[in-house]
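This is the structure I have questions about; it appears just below.
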Amino acid sequence: MRNVFPVLTVVAVIFGIWYLACVPMNIKTALTEAERAGATVSTPGARERRDMSAIGLALANPAQWRDTFALKKPRLPAPHQVAVELWQTTVEKKITSKRSLVFHGWITLSATLLGFAMGTVGGILLAVGIVHSRAMDMSVMPWAIASQTIPVLAIAPMIIVVFNSIGVQGLIPKAIISAYLSFFPVVVGMVKGLRSPSAMQLDQMRTWGASKSQSFWTLRLPSSVPYLFTSLKVGIAASLLGAIVGELPTGAIRGLGARLLTGSYYGQTIQIWSALFATAILAAGLVAVIAGIERVTLKRMGYGK
Amino acid sequence: MTMTDPSPVISAKGLDLTFQTKDSPVQALRDVNLDIGAGDFVSFIGPSGCGKTTFLRTIAALEQPTGGTITVNGMSPEAARKARAYGYVFQAAGLYPWRTIAGNISLPLEIMGFSKAERAERVEKTLALVDLEGFGGKYPWQLSGGMQQRASIARALAFDADILLMDEPFGALDEIVRDHLNEELLKLWARTGKTIGFVTHSIPEAVYLSTHIVVMSPRPGRITDVIKSPLPRERPLDIRDTPEFLEIAHRVREGLRAGHAYD
Amino acid sequence: MTMTDPSPVISAKGLDLTFQTKDSPVQALRDVNLDIGAGDFVSFIGPSGCGKTTFLRTIAALEQPTGGTITVNGMSPEAARKARAYGYVFQAAGLYPWRTIAGNISLPLEIMGFSKAERAERVEKTLALVDLEGFGGKYPWQLSGGMQQRASIARALAFDADILLMDEPFGALDEIVRDHLNEELLKLWARTGKTIGFVTHSIPEAVYLSTHIVVMSPRPGRITDVIKSPLPRERPLDIRDTPEFLEIAHRVREGLRAGHAYD
Amino acid sequence: ASDADNTVKLQLQWVTQAQFAGYYVALEKGFYEDEGLDVTILPGGPDIAPPQVLAGGGADVMLNWMPSALAAREKGLPVVNIAQPYKTSGLMLTCWKDTGITSPQDFKGKTIGVWFFGNEYPFLSWMSQEGISTEGGADGVTVLKQGFNVDPLIQRQADCISTMTYNEYGQVLDAGVDPDELVTFKYEDQGVATLEDGIYALEENLADPAFKAKMVKFVRGSMKGWKYAEANPDEAADIVLEYDETGAQTEEHQKRMMGEVAKLTAGSNGALDPADYERTVATLLGGGSDPVITKTPEGAYTLEITDEALK
Amino acid sequence: MNLVIAAVILWLAAMWVNIRIANGPADDSQGAKLAVPLIFGLTLLAMWEMIVRGMEVPMVILPAPSVIAARLTSSIPILWADFVQTFVKGALSGYVIGVIAAFVAAIAVDRSDFLRRGLLPVGNFVAALPIVGTAPILVMWYGFDWQSKAAVVVVMVFFPMLVNITAGLQETSAMQRDQMKTWAAGYWQGLWKLRLPAAMPFVFNGLKIASTLALIGAIVAEFFGSPIVGMGFRISTSVGQLALDMVWAEIVVAAIAGSLFYGGIAVIERIVTFWHPSQRRG
């Protein structure tokens, strides 16, 4: 709560800079449009203006400043344009409408959640394997790192096609791409967490004659919970990105990814920006939910005291 | 040391232990011979790194000796552990923050497969033993350091092993609290008659608590002296100001000084 | 305490310090009056949380008193710090692992803008002072705990301040090493004639080292007793077995016990 | 496999828009149903290669540009053109007039946006025909891989960009540009036109008479849809809008697109004209240093389906 | 089918060998540490080859490793040009700019608690913007060449770095900072001599994360417009041409470059943070 005021201040400053930036960013388009509408501008001719300094043009044509905030397809939409679009596509549209961002957000969210669940379960299992088998630890880890250097966007279409060829379509392939991105942070965090009990704690288990599985359930697993949550927060954000990337090669039909893409296909910058913000808001929301669960769980488990 | 008891509870003969490290082998124990009788309170004292912890761990079957023999209750340490012959208390309390005090104490019991009813009964009993009645429902962080360490001792007592091994259990506590816990530990020992192996760095602590003080020399760890205490079993705190006490303390200090190369 | 010296090096009058915390204000020091003369070795002892550290920090201008006055060398603590009036040694050695021992000792000198040549010279000198010749090129983790603590003292000595403030500098070390460092510290004090403020939990340590022992009571921290030591300045280790020593130790223990509630 | 008998999955090569109106109209108007078919239309996108989907079994038929399909054939994926609803090419280069470009020779030293993803071949053969290098420099053109919109032209990052008559060109005009400010070069007019948006199926599937029969029905239904769309452009545009699940299309834009698309499909009854085919193959074989296809393809089209469908 | 069964048998055999090595006497040797992952990787490759051949997976869906290797060796000039364009010009320059910018921002944030509390939450929000959305915008702003790719990389790298550097600068204990005070050190002295060195483990953690992001960012940005050279350009174009062997050749280059980049930073980390307990042994 202490952060509200600083955050608002920073946001206000960003908005200020953003508005200021709109003028030079959009001035050339605005001038061209004004010219077409018959106005006279300081330097006539779009071609002549092409290599001129945008700031210089902006200073020379104060009359067109207002226009830079109201273009239909601006290079940089003004904050209020994005806000209005967000409002119209979330609140004012029925959520079942395909023009509603809530509708598209839900499509993406369902793939995200499924992928997140798959990635988390897979990551935890892999981590358990790595912690308990030295062979797995030595062989899997370097390749898990290498796997993260492969651009998903490049292999996403192949994943979709391969699944297509075995008859799996729709949610699952998207979720798999999303799982591919989220499993890694979970593996790394869980391996750390499962190894976090001190040598002393493990020895203590041995003095009680605990079996491997007893040590796992009563010591390793509870000790790993704080690490797990840290990973989950990274993982859920990665899942969301994965789901969006996964939407591109599925025919960009529905979802925030499709929105972004068709927006960019038709040069609808305002639509892109609002989909972008919707995504970030969704991500922030998901992270906040996990952080909330984290706080409650850790408190109940007695951490952080 | 030679005990009056004919069959010692713990008996080490010619014990050697060498750790294989990357650079070179580290000999932690060399030719250690020691018999501990039933009901003895044996303290181990010696400079840092001399092998006190290693010896205690060998008794508890947490390390494998590389030479010599060691028996606990006449069996191998491994077998003795399976027979739940000892409780082990580490320097830090090491309680699980996600379990209540009662939950912590019942943890080894769960692992050993005690029934629920029996667990509850034993937890109650040991809580009383360490003067923590009524704190079973609290979480570790709600207790002071001294109380936590008492809970940790209770955990090692809960399954009622005959032998209690304690590795610097009070090292992290301040002096006043430590004095108090020393008193409590003595009472507990008197009440239960357990055999106790106790590692410490503090000469007064060793002298105050023990029936026998084992002085060890730096690496490779050997036993340089075993001092049998002439103090009575019943010991008020201010026994520490008596000449007998100071005399033993002096002997221990001399024994320590003998083999000590300052850091 | 009243010193023979007419102008005390450190002088606190009616010192109050209250921390503002979220829940409620915590009064750490109340009405503390103390004069420390040049060349004194003053130990502070008292139960945990009584304000020893806070008082030392106030002298070093790391905390601001909320009432009363404190002067160091006749100036405000802030000004004294700027004038490099003191070296401060914390409980943990706190050496920077990425610097060699020599690099660590020269760090404050770099900060204070000493020339390279002078730094090298002083590092050599202080290394010798704490008996660490030849270890300048080693990294902290390559040294034992006791050697690290000595290096940390060297660091506080390097810029040759008149006052040395030490907050439980040997608290983490084992007793034998501690004894040894106590001896060394006394020698160093004798050689340099510095004024030393020293916080400890150990009664024998306080008695062995100090010219004056300040006993503090639990929160809100007040000074309950200032014991002037009758022991000579020259003190071999076994002075600790003399009746005078035990007598002072007893007085200190009584003073401490008075205000102490066990955990 | 009894219900597999009447299902057809069609892979488009771009997102839902009036470019594919015929298929959506056929679906909506029940023309496929009349043929006893259950058709699913899969929209495409910038990351989808329809031949790959076909190879993976994700679709039964696809739409594709002839060069891309022939290249796939050479890569060992035997796709066969079974119908060609688009008679005329809609591909052109759109340039700013004020750059002084009046003929292809003026491209030298200019920056040109080109679609890749298998659609670059016509451009490359054109340039090699003109003898202009595509490596940049004063005597060559600097080629950009154009993204999915007309920004590079509007922002003047490129002097010319690829446009379709029915789509991107309209977007340029929508951005407020007057047609007089532009110069366009239709590939059709330059003799490098390629056959766009043909219907393709896998050769091995066509060996199966049942599949072939299904294709006949599919082509018949599709052509009915196309002809209906040509006759009722506004209704067709509405139907397309109906099927666009992204909600990103505007009615105005789709209506104009439908109008333009109708001009391109007007000359076709669905049957591929072998003369058009030969011309395209010739263009592609002469593609300069790095031709799209290296040998004359065999069996890359069949008239059997359309012959049967149009009976 | 036989090949598929052979693949399974090979898998079991390789895992048996690995378990033997990993639990054998030489498990800590450099050789074992290299051999085990290598055997694992080679087995995966061999299985891939066998399964693709055994199940006759079409080339246009998944080429066999041998085909990819052949393409890789025969296309080195193209791959090299693409690598220079995407990695050296795009990813590396963006990485350097992003890291420097993050340092500057971290110090600003460090100097002002107000800024920290305001900027970090906003930063987390901005960091969640998906690259597939930001890339087209940045291509529109910065043009088709490597500059826009570098810009995408800057955006991707900046916030993870900022978060790590800020966390690292908080890493010193109150005692260490107090110590600086007792020596009357100023802000910059404290920063240079204490807090930056202490932050290095965190900084390198960030640098490692950012290294994998950088190359991916540069490649993905090329999907949204590029000159006709570059790894992303080649991948997207080759998919359209069904030249899947080329696609995989680029992916292999990306994975090798990414891993080497990561490994290189890990090596520098070992040198710079030699003092950190996690680096000391081994």
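Observations, loosely collected:
For reference, chains read A, B, C, D and E in written order, and residue numbers begin at 1 within each chain.
Everything below uses one rule, namely that a residue touches a chain if its C-beta (ideal position, glycine included) is under 8 Å from a C-beta of that chain, and two chains touch if they have at least 3 such contacts.
Everything numeric here is computed off the predicted structure, so don't read it as measured data.
Any chain that touches chain B and also touches chain E is listed here: A, C. Counting steps between touching chains, the shortest path from chain B to chain D takes 2. Using CA-based centroids throughout, the chain positioned farthest away from chain C is D. To overlay chain B on chain C by their CA atoms, one rotates by 175 degrees, a value rounded to a multiple of 5. Pairwise, the chains sharing the most contacting C-beta pairs are A-E. Note on chain placement: the centre of chain B and the centre of chain C lie 34 Å apart, centres being C-alpha means. Chain A and chain E, compared by their mean Cα positions, are separated by 18 Å.
A straight line joining the Cα centres of chain C and chain D is 85 Å long. Between chain A and chain B the centroid-to-centroid distance comes to 54 Å (mean Cα coordinates, whole Å). Shown for chain D are the residues that touch two or more other chains, namely 46-47, 49, 52, 55-56, 147-148, 151, 155.
In chain C, no residue touches at least two other chains. Residue positions of chain E touching 2 or more other chains, listed in rising order: 61, 136, 140, 223-224, 239, 244.
Residues of chain C that touch chain E in their complex: 57, 60-62, 81-82, 84, 86-88, 90, 92, 94, 96-98, 107-108, 110-112, 139, 141, 159. Taken in their complex, chain A has these residues touching chain E: 2-3, 6-11, 14, 25, 75-76, 133-135, 137-143, 145-155, 157-158, 161-162, 165, 237, 240-241, 244-245, 248, 256-257, 260-261, 264, 269, 272-273, 275-276, 279-281, 283-284, 287. Note for the complex: chain E touches chain C at residues 173, 175-176, 178-185, 189, 193-194, 197-198, 200, 273-277, 280.
Residue ranges of chain B in contact with chain C, taken from their complex: 47-48, 144-147, 174-177, 180, 201-203, 241, 246, 250, 256-257, 260, 262-263.
The part of chain A that touches chain D in the complex is made up of residues 29, 32-33, 36, 45-47, 50, 73, 75, 97-100, 104, 153, 156-157, 161-162, 164-165, 167, 169, 248-249, 251-254, 258-259, 261-268, 271.
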